[in-house]
Structure formats: C-alpha cells, structure tokens
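Naming follows writing order (A, B, C, D, E and F), and every chain is counted from residue 1.
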Amino acid sequence: MKYGARNEITATVTKIKKGEVMCQVDVGDIIANKMSSVMTMESIEEMGLKEGDKVKVVVKAVSVLLIKE
Amino acid sequence: MKYGARNEITATVTKIKKGEVMCQVDVGDIIANKMSSVMTMESIEEMGLKEGDKVKVVVKAVSVLLIKE
Amino acid sequence: MKYGARNEITATVTKIKKGEVMCQVDVGDIIANKMSSVMTMESIEEMGLKEGDKVKVVVKAVSVLLIKE
Amino acid sequence: MKYGARNEITATVTKIKKGEVMCQVDVGDIIANKMSSVMTMESIEEMGLKEGDKVKVVVKAVSVLLIKE
Amino acid sequence: MKYGARNEITATVTKIKKGEVMCQVDVGDIIANKMSSVMTMESIEEMGLKEGDKVKVVVKAVSVLLIKE
Amino acid sequence: MKYGARNEITATVTKIKKGEVMCQVDVGDIIANKMSSVMTMESIEEMGLKEGDKVKVVVKAVSVLLIKE
C-alpha cells in the first residue's frame, strides 16, 4: 500500500463522537517519526524558517484521513 | 494562542527542500499525544471503525500548517 | 466560467442528507474524462508511480465543491 | 482496505509532469459510480440544491490522494 | 452561479509567480463582507470563542480557488 | 507569530451556529489587503489569467482556520 501523501502515522482509535452527518474520531498511541508540510517559498522566507527551529504543526481534523488496513 | 484545529503537534525542522514556487519542510522530534479526524457518519459506518482499532493516519503535506511562535 | 482547479466533473444530485450545521450531497451520472492529483516529488518516487499504473483516487467529501451553473 | 473518505475512484495514470518539489499526475479510464460533497446547511439552502439537479463537481488537484494498492 | 462554499470574495489579480508545475497568484482590491469557518465543537469550546472576539483568519493558498466568470 | 500560510486576515466573530460535532463561525469587519491562491500551471494557462483580471475567490469554510491570539 503506497500513498501519495507525506504524512503516514500509525495510531489507535481512542474515542468516537457521532453526530447526524459528521463524526469526530480521536486517536492516541501515535507513532510519527517524520511529518512534512508544503508551503510557498514566500511563506518560508517570511517565516525565516531554518533547520533546528521549533515549530507548531497544526492540521484541521477535516484534512486527516483514517485508513483501516 | 488558541487554534480552531484539533491537531496541534510540536516538532523540530529537520530538512527544507526549496523549489521556485513551493517548498517542502520536514519535521522530526514529534510530540503528538492526540490527533483527530473528522469524517462523515457514512464513512465510519462503512469502515466499521471502533475504539481500540489500529489505523493509519494519512495527511497530505499541503494540509499541514507550520507556525513559528 | 473558468476554474483554477484541475478536476471538473459533471454529475447529478442523487441524495441529500441534512444535519444541523453540515449536510452530505451524493451525486451520480458522473462524467469525468480526466482527473489530476498534485503531490510531492518525494511521494511519487516512493510510490514508484508511472504511466499505465492502476490507482485508487481518494478525495474527502469536505474537499469537493459543488457548483450550480 | 477501508478509507475514511466518501470518494473512492478507480483510474489509470496517463501522464506525469515533474517539477523540483511538486508533480502533477493525470489519470483517465475513470470509474466513479458515486461521489459525495459535504458543505454547510447554509450553502445548500442558498444554492437551492435538490435531487435531480445538474451540478459541476470541482476539486483542486492538491486535495486528490492517489493510492497504489 | 451558486457555489457550495461559504467564502465568496471579489478581487483583482495583482501578481503571478510561475514555476514548472505550480504557480502563485496574488490578488488585491478585496471585497469580503463576510467569511465563515467550520470547526469542531471541541475546538470552539477550547478556544472559548464568542461573538465580538477579534480573530486571525488563516487560509493556506492551496485551499483558495480562483474563478474567472 | 509567523504562519506558513499566505492568507492572514483580521476579523471579528459575528455569529456562531452550533451543532453536535461541528459548528459554523461567521466573521465580519474583514481586513484583507492581499490574498493568494496556489494552482497548477495548467490551470492558470487554461484560465488565461493575467494581472488586472477580476476574479471570484472561493474558499470552503472547512479550510478556514481561526486563531485567537
């Protein structure tokens, strides 16, 4: 199974909150050795981002795809 | 600083690959206690997803926002 | 009407599921001659993807925009 | 293999355009019986969308995930 | 023309930066009376967000669709 | 605070619509001097987009991140 995405994390479902149309699934026991972001060159220059910098990695839950292999 | 997103992870920039318009930033030393996905009820029912299930968490790098506090 | 997006598909609404804040709209009679994905070079190299390969095209419903012309 | 996404389409890679950081992958021979969009109730009410309506389905290529099973 | 999206803004193209696969388009003369975000209830509760609050609205350029009518 | 995103807009929360899992937050008093979109070169060539063109900027509410500083 090969995915056209840079972020592949292994985890375990810890909680499921169900609504009428949508639901929220929380996961824990997260194993994530590496993550990647893609942004514009303009953004990285304005951030002055360089190797070694501490960053916050923010992802909206709607952009997170869960796969049950 | 409070973000309207469920996934807030702390990490360190490990590599930057620059192009003309876009760039890829890899991060490591990832501290992620919890992550969340939002999907349709139809999806979760078809997946038969329940607490305790092992899952792959897949996120495209374009959906990952880095913030330098 | 010209859209800054690579995937333009014609379809017919088949079902609407309404919630309080969100709703899910299913479509059928899909006419899609071509679709496109954008990913990082790192992803495509790791996938070893080449012309002629069979692939699964996965898109979260939140990323799908419907337009009534 | 079960995906937490409503849109699962089978296709064949027809063309790959490579850049330094990103690449575009086009696919054809598309088999898509059903697709789904999720939007706000406000949007659907403003659109006056109902079963039987012809719509354009627009998706940005960055939101399209390819998987090689 | 009716769009299944809450954010419809009128603007004028001010600058175009072209790469091999991707390009960045900047716009100005922005007319935006209202914008909307959708997030989880958990997020809004943790933010303690209420009417009258000043907020920063952040959107990645890859999520912005331009349409030439 | 530096964000890896091109679109940073200042606004005020005007309305909150709450559901079980998701909520919609509307904002007004929008101050947006510049916005940016990233798309494929193929899209911009097919649109024939050039400086000075009037465009509609469309963003799905799920892609809009609110931050309370």
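Note that in this section a contact is a pair of C-beta atoms (placed from the backbone, for glycine too) under 8 Å apart; a residue touches a chain by one contact, two chains touch by 3 or more.
If you want to know which protein each chain is, UniProt gives these names: A, B, C, D, E, F = TOBE family protein.
Not measured: the values here are computed from a predicted model.
Peer 1: Identify the chains in contact with chain A (TOBE family protein) as well as chain E (TOBE family protein), in label order.
Peer 2: B, C, D, F
Peer 1: Which rotation angle, from 0 to 180°, best lines up the CA atoms of chain D (TOBE family protein) with chain E (TOBE family protein), given as a multiple of 5?
Peer 2: 120
Peer 1: Once you count every C-beta pair in contact for both, which comes out on top, A-C or C-D?
Peer 2: It is C-D, judged by the count of C-beta pairs in contact.
Peer 1: What's the distance between the Cα centroids of chain A (TOBE family protein) and chain F (TOBE family protein), rounded to whole Å?
Peer 2: Once rounded, the distance between the two centres reads 20 Å.
Peer 1: Which residues does chain D (TOBE family protein) have that touch at least 2 chains other than itself?
Peer 2: Each of 2-6, 17-25, 36-40, 42, 44, 47-49, 58, 60-63, 65-69 in chain D (TOBE family protein) touches at least two other chains.
Peer 1: Sort the chain contact graph into one of these: line, ring, star, complete or other.
Peer 2: Graph shape here is complete: every pair of chains touches.
Peer 1: Which of the residues in chain A (TOBE family protein) end up touching chain D (TOBE family protein) in this complex?
Peer 2: 1-5, 21-22, 25, 38, 65-69
Peer 1: Under the definition above, what is the set of chain A (TOBE family protein) residues touching chain B (TOBE family protein) in their complex?
Peer 2: 3-16, 18-28, 30, 32-41, 44, 47-69
Peer 1: In the complex formed with chain B (TOBE family protein), which residues of chain D (TOBE family protein) make contact?
Peer 2: Residues of chain D (TOBE family protein) touching chain B (TOBE family protein): 2-6, 19-22, 36, 38, 62-63, 65.
Peer 1: Which of the residues in chain F (TOBE family protein) end up touching chain C (TOBE family protein) in this complex?
Peer 2: Answer in residue numbers: 17-20, 22-24, 37, 39-40, 42-44, 46-49, 58, 60, 62.
Peer 1: What part of chain B (TOBE family protein) is in contact with chain C (TOBE family protein) in the complex they form?
Peer 2: On the chain B (TOBE family protein) side, the touching residues are 17, 24, 38-40, 42, 60-62.
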